[in-house]
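First subunit A sits with subunit B, and in the next complex the same chain sits with subunit C.
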Partner chain A sequence: MMLESINSMINQVATDPIHQFVLNKIADFQIGGFDVSFTNSSAFMLLAVVLAVVLLGVASSKSATIPSRGQSIAEIAYGFVAGMVRDMMGEDGMKFFPLVFSLFIFIFFANMLGMFPYFFTTTSHIIVNMALALLVMAVVIGYGIWKNGFKFFKIFVPSGVPPVLYLLVTPIEIISFASRPLSLSVRLFANMLAGHIMLKVFAGFVIMLASAGGALILLAPVALAGTVAVVALEFLVAFLQAYVFAILTCVYLNDALHPGH
Partner chain B sequence: MEEGLKYVGAGLACFAMFGAALGVGNIFSSYLDAAMRNPSAAQGQFGNLIFGFAVTEALGIFGFLIAILLLFAV
Partner chain C sequence: MSNDDLKKQIDEARAAYAKTYERPLNQEGQAKGMALGFRMATEFAVGPLVGAAIGWGLDLVFHTKPWMLIIWMMFGFAAGVMNVVRAATASQNAAGSEPVEGVEEE
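Moving on, here comes the complex of A and B:
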């Protein structure tokens, strides 16, 4: 069953850039009418988690004072995210460090795994990103209300506004707060979707030019150079989108920790 | 008729990139202006630069998303 699905993944004669986003079931499970099969998306999410745990676990297993190469990389990643959390939320924001670090590492590994040929990009489906963004907003609202009580809703009434404008400003603030999970998820989703479609379109140009015959064959290497440039851009975007997701998580959590700033 | 209008809609959605391009150019131009005035403080703001760029570019990509939705999901 596993071999058939891998076979179908490699032998798909796809000529359009959308075919890469199709979900294929690897193992079919139904629980009470809900389809909870193990798809290629689940497989790559599992691979991202396993890779992250193994790499970071092995790197930090021997906490030598003079770090080895792997340990330095893990320490750089830790220091990068910890610096970001401390900058945005202050020292008492470090209690959210596990959440922010897990989000950053998961999204980074999921994006990077999608760069390999024939691998599926899990973050190119809106449902995955929406789940992550809703998790962040649930933590923000839940922690904000648990810690501050109803003073949490002071973030909707910014200080320094003349009272007569509250009728206008508060609905606008509420709508802007409600659009946070939407923009957080759609930013990552659209970047990954657009990037991978662009990759396949440029790669398709190479083949189309080379098979057009005549003088157009000379343009095929130009298209190949363009493809290489787009691949480099996509690696940058993969890291950048993970960083932006993490830093926006810190900004939103700061609202829960210190409302009314 | 609706099939053809989908492509018109997808083309119109590309106007979103106009605003996004202006925004991204603004961000980098302000950064360069300020970096030329105060070069030693420029490195400290690099994180904010990259963050501002990503958030602004996202809006242009939302427009691209509308085009893709019109072409493939409607």
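Moving on, here comes the complex of A and C:
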């Protein structure tokens, strides 16, 4: 009887795949009627930033000719993002390198922190990604207008189209432009959310099958193997999504640098 | 040990080396492919969504329910297709291959 109730309790806690995304307030703050409490999500954002700053700071503090392990990792990260920025935007795109590098490192650290059991994944909440994506779009629009003036709006009126077709093409171009922040944030959010739910469900199967009794217990190792495979996949996705976010940031910033392409 | 035996051993070692050496390259290719796949899926899905949102908003403003929603959703569909075509063209050009014939270069 006792064992059964414990079993059902474990089942409920361990197999609720959504529970990991619940926000808990750590410290309550109100500013002007807005709830700006410090939550577990804020805590992990802060942790990601602090970790990134400390690790990269320590790694680059010595700047030795023969790099230590940490320094070469930092150098590889720099080279990776710098190569991406140069490929997508050319040499004059390097002025956006700090933005792209910060976004990449922040998302990468947030995703990787989310891979620790019991850690919160900040990027699994769409509002966080939306804020990052809107920051990118604000830079694109702001810099595009500042640099190119009115010519920036040429991206909505592509050249070489018969004037009648502008009635069709311009709305399509506007939608295409407006869909960018959404596609940036939804992709990251959906991948992290779906991945972590999948992980939890697979891991839940292990407990459910093991506690179901009978021959079903023989299936538990299969679910466990599946969980291990999903963990590996999730590590890949965590890196990949940071990479995709950074590379699309470059693609969009390129529009602000060189409109009319 | 005869000459043939040694040859066999060398060949085996080479094959094993090639096998382990090949793997990271393949994985990198797979990762890039996955990134592209994720990108395509959302690029398309987001078009009609944003189109519908704009149409819905215009309907609210101009009281033209449901025409703007319908029209802008179609625009959104077209925008989604265009997003995918652009992403595909860009990735193909990046891969160094020739752009597909009939697809306008961006």
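Here is the rule we use: the second predicted complex is superposed on the first by the 246 of 261 C-alpha atoms of A that agree within 3 Å, B and C clash if a C-alpha of one lies under 4 Å from a C-alpha of the other, contacts with A are read in each partner's own complex, and residues count from 1 in each chain.
Heads up, the rule we're going with is that contacts are C-beta pairs under 8 Å (C-beta built on N, C-alpha and C of every residue); 3 or more make two chains touch, one makes a residue touch a chain.
Values in this document were obtained by computation on a predicted structure and should not be read as measured data.
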item	value
Touched partner set for A:240, first subunit B, second subunit C, both or neither	both
Subunit B versus subunit C as contact partner of A:191, first or second or both or neither	both
First (subunit B), second (subunit C), both or neither touched by A:176	second
Which superposed partner A:166 touches (first subunit B, second subunit C, both, neither)	neither
Superposition-derived comparison: subunit B or subunit C, residues of subunit A touched	C
Which of subunit B and subunit C A:18 touches, first, second, both or neither	first
Touched partner set for A:156, first subunit B, second subunit C, both or neither	neither
Touching partner for A:143 - first (subunit B), second (subunit C), both, neither	neither
Subunit C-contacting residues of subunit A that also contact subunit B	183, 186-187, 190-191, 240-241, 243-244, 247-248
Interfacial residue positions of subunit C with respect to subunit A in the complex	31, 34-35, 38-39, 41-43, 45-47, 49-51, 54, 72, 75-76, 78-80, 82-83, 90, 94, 106
Subunit C-facing residues of subunit A, complex	87, 168, 171-176, 178-179, 182-183, 186-187, 190-191, 236-237, 239-241, 243-244, 247-248, 251, 261
Subunit A residues within the subunit B interface of the complex	18, 84, 183, 186-187, 189-191, 193-194, 197, 240-241, 243-244, 247-248
Subunit A-touching residues of subunit B, taken from the complex the two chains share	47, 50-51, 54-55, 58, 61-62, 64-65, 68, 72
